Amino acid sequence: MSRVKQSRRGFLKTALGSGVAGGAALFGPWKHNRVYAAASDKPIKIGLTHDASGQFANSGQAEKRGTEMAIAEFNEKGGVLGRKIESVWMDTETNPQTGTRVAERMITRENVHFLAGAIQSGTANAISQVAQKYGCVYFNTNSSSPTESGKNCHRVKFVWDGSGENFSLAAARNAISTFGKNWFLVYNDYVWGQNTNDATKKVAAKFGANIMDEVAIPVGTRDWSSVLLKIQQAKPDVVAAAVGGDDFKVMRQQVSDMGLDRKPAWINNQQDWPDVFGLGADAAFGVFGTTWYHYLDLPGVSDFVKAYQERYPVTRISVPGNVTYNGYIAMRELLRVVEEVGSTDNMKIIKALEGRTMSAADRMQHFDAVIDPASHHVQQTIYLAEGNAAPKDDTDYFKILSWSDPDAIRASADDSCSLESYEATPSYDQG
Amino acid sequence: MDYPTKQTKAWVTPQIVVAIVLFGTMPLWIEAVGLYQYLGVEVIIWMIFALGYNLLLGYTGLPSFGHGAFFGIGAYAYGLAQFEVWPNLWFCLAAAVVVTAAFGAATALFLSHRRGIYFALMSIAFGQIFFFIASKWTDVTGGEDGLLDIQRLPVEFGAMSLSTRSNVELYYLCFALFCVLVILLWRLTNSPYGRVLRAIKQNEMRVSFIGYKVSVIKWSVFTLSTAIAGLAGGLFAMAQEGAYINIMSLQWSGTIVLMVLIGGGFVSFWGPVLGVILYFVARDVLGAYTEAWLLWFGLMFMLLVMFKPEGLAGMWRDLLGTLVTRKAEPKGNPAKVEG
Amino acid sequence: MALFEARHLHKRFGQQVVLEEINLSFEEGRLSGIMGPNGAGKTTCFNVLTGRYKPDRGQVLFDGEDITGSPPEKIVRRGISRSFQIMNLFDEYTVLDNIVIALPGIRKKLTNPMHAIDADSEMQDRAMDILDRVGLPGRARTNSKSLSYGERRALEIGVALATEPRLLFVDEPTAGLGADGTSRLADLIQSLKEHTTIVMIEHDMQFLFDVADKISVIHWGQVIAEGTPDELRANPWVRRSNLGELN
Amino acid sequence: MNAPMLHVDNLVKTYTKGAFRKQETFRLEADFRIDGPEIVGLMGPNGSGKTTLFELMTGSNSPTGGKVVCAGRNIHNVRYDERDRLAIHYHQSYQVRHFARRKPAFMMDRAGSDYPLIHLFDEPQFNTQDGYIGFMLDFFRKLRAENRLVFLCVHPNERFHLDILKEICERFIFVQKGTLHHAVDFESLVALQPVQAYLGNLLTEQSVLEGEGT
Amino acid sequence: MFYDLIPHLINGVALGLLFALLALGFMLIIGVMEVINLAHGALFTLGAYGAVVMMAPDGGFPYEFMQPYYDLPAIPRYVIALIVGPLLAGVVGMGLEVCLRRTYGADPLYGLLLTFGAALVIEEVIRGIWGSSEYYLPTPKEISGGFIFGDLIYSTYRIYAAIFASVMIGMLWLFLNKTPYGAVIKAGAHDSEMVRALGYNLKVLRLLVFGFGAALAGVAGVIMAPIWGVRPVVGVDAVIPAFVVIVLGGVGSFWGAVSAGLMVGIVVALTAAFLTDWSLLSMYLLLLLVVTFRSRGLAGKASVLEA
Amino acid sequence: MLQVDNIQTYYGETQALFGTSLSVGEGEVVALLGANGVGKTTTIRSILGLTPPQTGRIAFDGTDISSMQTHDIVNLGIGWVPDDRRIFPTLKVDQNLAIGRRKSRFRSWSLDEMFEIFSALEHLMHRDSENLSGGEMQMVAISRALLGSPGLVLFDEPSQGLAPKIVQDVMKTIRRLKAEGISVLVVEQNALAALEVSDRVYVMAHGRIVHEGPAQDLLNDDVLRERLLGV
């Protein structure tokens, strides 16, 4: 309780500060976190491509916090290979066109060694195309479209989040036996939503569900009433939703307004922490997946939470969630690999990452994770959760129901990936 | 709001030479001034788009607020032509131009008898319609995801084939097209057709009373301007190796108006070029200092609309004017806003 | 046979009848005048005759051909041109360019994008001739916006002349001109009259009585009287009015 | 056949106020016929029902009872946009009033005429200074000669207005508080008591200020 | 089949009332100023943010100073939010009007361009103060949750919003028709010259009307916030339907705008029910259809827009 | 009270007044006569600042108003009865009147006094203005001007559309205004009626004053009157 208040106050202070100074916080110089090393060695530069505006602004900033936290930790330890790590960030505006330009600028002008960050798959695609062209290793930290590690996979791209299909597999199996066979599907009409929906449909069919209807929702839909009325009329047992970002928030609000949050069981593919935080446990209705939760009963979790809060005392989101977690873990792994191979050469890094196993304890999850060498997709534990009826405190929205072994929920979409050959990938090393 | 009264019959003017030299050498110095090659590619493509758009806004006085849609259609057409028909540069670019012009021509049928604000409102509606269709027709456009893996096709002249893979190579392709377009547009705007366009802006009714069928001319200029937007869109698809929906939104359609106006498209052939450079450089340089660069850019735009709708080119002219009039007799300031 | 004839023209805007029944004919080589009180439908009548509006009923004949409802550009191409009461010039253009763009010779080269207007000396000369006729030869390179009001009135007529009409319609040319301007304009009209058939709307009865060969009086959207200036002047109420007495 | 040119047949128009307890605020009654072409002078104080009568005659206002028949056609059964082919009302543009239309046009009759039979001139501007009066008077006579029925509505505010009416009109109608008074010639018109009240001292050629001024 | 349609029709009406509410301020400004206010959406957003500050303790206001305020029950705070949001929008709107003065009498295009720029600026300022992330406007318990009739559940908030919108429409109508201020506004829209000649300062009148129109945008923002969410870009979602409703209804017609709002609402709701993907497009197709045949919209009169 | 000095006024670029000068004294009634379109209405519009003069000077009640805003000019105490009435059709009659109500340093008028002048007005109060007849509109327009407590009333064609009896009422009202020290400038078609109530008269032609003198002279001089006014 007190923790939340403290952080809220902190946040409000900055808000006040920025209000008084005419929004000075925003108009300040672009964030170059230059930590110049005493050593004469050139710093390792990492390009951060997190969204700060558009549909996924909120999540983009959350993953940025995770990524920067990992970088800072390394810098505090003296950097990597004795070199400081520097990051440069540009807003990709949840916009592929901007993503392309940002990636081009990062590589050709800022001369970054690596790129990291993405929420929306369209933007991630745009960035990874540019990265592949130059051979720059790119970590897609949070875009979970099955196509990211499927047909749009790239040799330089590594996908750190569980894919929509992973979540579908994890959630759907239990749902049919628990809630019923009549399913109604809603999904956001873009690549993540479509593919995730396809995956859900496949899984549901496999376990004998009857698909009553499926409705594609344009991205940016503000008014869900018609669809919700339709659901009311259809009276399904289960509604499986693959809806993301702001749309999801709006939908959730209207679902609970229309009193539909209890009656059909809602299977939401994944609930990103920034989309839930601040809305209370009520908002987390139905069953949904996540890759991590700050009250997981595992060693290291509470330390990580504490470290996050010390580093970000003023942020609106007072505890880290899956998005921040992914950003953090991915960057930490990248820097470790650089340390291990002793170089920033792209081929060496790629080869070191492919097939890399990360221990469960290290990742604060229940199962070991592995980077699939054929799709560059991190195969990891998926947790199933529902809204917490008996929260420990006012950040404790989720009740973790179960966790799935990565092997049991491996995404079939990953099979459609064919990575570019090593030869076809330009060598890239900013030295 | 005057274009220069000085008259020309030249194919190539000193300004064109300056532009060619300046932009022809850009890859050599762009990095030295702290920018990067891809930005150059983006700038020159948008200059093509803006020059075509200015035929409408600056010359004919038709404020289209839906032109981004045609830019986007060009990009999709390029990508689809490459995937589905024949991956040849000239063919794909031609497809981008022709398909976009076809959509433009159909749209123009609804718009060519409208003027002023009503034209603007209807163009918003059409822009939105194309935007929604593109965002929904996932099978064709890739929906929100866009068309990915569009190739930068090589330039083929018979046996010779030039790569456009690198940004500099692509830049020179765009530059070559830019040069051709600048010269053609320069001639066109100084031909009877161009004169009539400007006359339509000044007084549409009188143009019909000196014997021109205004709606046909408006239809043709709209179509022409969409064709150029299609070309720019095709090149843009090459540049970003993909075609995405965002460019078709109202926001981007508004942005092109903003660029052209700030540059001074109302008074100068070169206004759109200035506007595009200012916008992109401001975005990159101002953007390096503040996330809220659009705030400052928007404020600048408001001030220009209020005090100097002639934009940069108009200021430049005033500056030249004061230099000249210091020698000659003083002249009144015709800065008053006029339709 | 009259050069231009209008038969039974009827025009309404919504519920409002603006032209009830207009019958007019103009002879070649003559100056015909149209007058009437404010709001009588003179300008609407002009707009129907010159193709800006399409009549709801009736016929317009030019040189024996039916041009009813033709759009302005077609009517202009047949040889009917008009000037405007409210100035309709191309303000961004020089005086010369205002004329040049109206020349049929330029119009015919519309589809040639490579035709350089300013290198076309034939057209430039022709335009200069017209400027001579309207008395603006020295102002060719001046921006039309910076002309004096009277000069703009002359240019307004010049643009109409540039289309090389057989019949020239002039709409209230004296509007806004003082006594000096009016008399200078009367001179201009007199000189044009020698080459061109002219139809003129005029509010200023006195001016019209001086220059016209025949006058039609329009009121309530119909021709309520017609005749030579002398015939009309014979009307006792006209004689009773202060016509010609003031100034 | 030879239907009269204008037959105003038991025409009644009432205006009421109040949604439930209707109170009559105005009542116009007219019943007359005019068989052939004529120039009719029409007068009446403001608010007497002149304008309403004109509107009823031209069909733009609908009657509470009775009908208006022009040359055999009930004007309210003629299509809206063709009613002025029977009877046209020339007025100042600010006098246009808007009325609801109840019946779709295709269910109604055609006018069967291109040029109006009845012309109602509502307060034409008789300005002595510009000389148009003469042409206007000639025009009224011309219409009459072409077998049209002409109504001329003037507020005689100057002596010469009365002269004009006297000279040109063949009969007169005076409207007073919704009632029509007919007069066959000028003399019998001015003999009517309400007309004298209406004209005030214009007839006696005294000052408009009833002698208190000048 | 028809029975199935009823809830969608009702939803369409509710939606339509909200669209009409959205368009009212827009209409007022076009009517009096003849300006197409593209910043309407930004003012709408500003209203929503103003309400967020008054309702949500993390709404960007210094919590320490405001703590006693946030301890107030939700309903009075909501009422305050309903005042503060529009007030904020209104004040900024008046500032915008001052900038717009230079464009009066010129080509209306300049008004359009200026307000386009203003929309950009306001949106960026919002981003500067509140950040890009989404806020949620809490509503009092009394007007949230589900509302059950028969076997159908409908959102209580939507019912509230629809009723609120009808009340606003009614109140605006009464204001325009039954108060002296409304009389002056209507008079000004019809004949601004005569209004000046009766001693009214047109500058002040325009300033106030613009402020009032902007405040109406703010009201719509507060009402729509719980439905649409509060983000800096939400204004675009608002200005486009508003503009469609106005063009469809006919510029300058109060009931034209209301009926066009209802029409758009019903069409959007019905297409959303049967062709969900195309629901937003239906609005434009409707517009095209109507404007092709009636270029002044349903009830429009001749206006500056046709210039 | 009113002094118009050599003003030149343009509509856009069209010149309508070519150096017009006139004056109205306190409590004086002045007639401005002339044919259609000679600039009478423009003179009034110039005084009101609706089409401000480009050169020349206009003073009212000791204040130079030639560059003042219309509403400020009007609030000094000028009432206007426009020739086309300009009643707001979307408002009721009572709203039309209420909108014109304001105070100035001059005598203020009550609604009852208006009913006294125009007895028909009282019954019109709740009617839609759109449905008034021309004469009824004129009564509203005149009442609206008087309710604004003017020290100078500009009448543009006040008798237009009014019955003779009502015209006499209007003329009497003008007399009454004069008696109460209020100045009047009246533009009239009915020259004789106007001359009878006026103290002085101006005749305009082509944007200039061509005659100026006591009204009585013109009334008495038939030849001059016939020449200038055709009556």
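As written, the chain order gives the labels A, B, C, D, E and F, with residue 1 at the start of each chain.
Keep in mind that, in the parts below, a contact is a pair of C-beta atoms (placed from the backbone, for glycine too) under 8 Å apart; a residue touches a chain by one contact, two chains touch by 3 or more.
These numbers come from a predicted model, not from an experiment.
Novice: Can you name the chains that touch chain B as well as chain F?
Specialist: Both chain B and chain F are touched by C, E, going by the contact rule given at the top.
Novice: With a step meaning a move to a chain it touches, how many steps does the shortest path from chain C to chain E take?
Specialist: Contact-graph shortest path, chain C to chain E, evaluates to 2.
Novice: Look at the interfaces B-E and C-F and say which one is made up of more C-beta pairs in contact.
Specialist: Between B-E and C-F, the larger count of C-beta pairs in contact belongs to B-E.
Novice: Quick check on this structure: which chain has its C-alpha centroid closest to the centroid of all protein C-alpha atoms?
Specialist: E
Novice: Let me spell it out: compute each chain's centre from its C-alpha atoms, then which one is farthest from chain D's centre?
Specialist: Centre of mass proxy via C-alpha means gives A as farthest from chain D.
Novice: What is the chain whose Cα centre is as far as it gets from that of chain F?
Specialist: Taking each chain's C-alpha mean as its centre, the farthest from chain F is A.
Novice: How many angstrom between the C-alpha centroids of chain E and chain A?
Specialist: That gives a centre separation of 35 Å.
Novice: Distance between chain D and chain F based on Cα centroids, please, to the nearest Å.
Specialist: Centres of chain D and chain F (C-alpha means) sit 29 Å apart.
Novice: Send over the residues of chain F in touch with two or more other chains.
Specialist: Counting only residues that touch two or more other chains, chain F contributes 35-36, 229-230.
Novice: Could you tell me which residues belong to chain B and also touch two or more other chains?
Specialist: Residues 132, 136, 291-292, 295, 338 of chain B touch two or more partner chains.
Novice: Please list all residues of chain D that touch 2 or more other chains.
Specialist: Where chain D meets two or more other chains at a single residue, that happens at 125, 127-131.
Novice: Spell out all pairs of chains that touch, sorted by label.
Specialist: Going through each pair of chains, those in contact are A-B, A-E, B-C, B-E, C-D, C-F, D-F, E-F.
Novice: Inside the complex, what are the residues of chain B that reach chain A?
Specialist: 31, 34-39, 42, 132, 135-136, 138, 142-146, 148-149, 167, 239-242, 244, 246-247, 284, 287-292, 295
Novice: In their shared complex, at which residues does chain A touch chain B?
Specialist: Going through chain A, the ones touching chain B are 23, 26-30, 52, 90-91, 95-97, 100-101, 104-105, 108-109, 121-122, 125-126, 129-130, 133, 147, 152, 188-191, 194, 218-219.
Novice: Which stretch or stretches of chain F touch chain E in the complex?
Specialist: Contacts found on chain F: 48, 50, 69-72, 74-75, 80, 82, 86, 88-91, 95, 98-100, 102, 144, 148.
Novice: Where on chain B is chain C touching in the complex?
Specialist: 1-3, 5, 7-9, 184, 187-188, 190-193, 195-196, 198-199, 201-203, 205-206, 208-214, 334, 338
Novice: Would you pull the chain C residues touching chain D in the complex into a rising list?
Specialist: Answer in residue numbers: 8, 10, 12, 15-17, 20-21, 36-37, 39, 57, 205, 217, 219-220, 222, 224-225, 232, 235-243.
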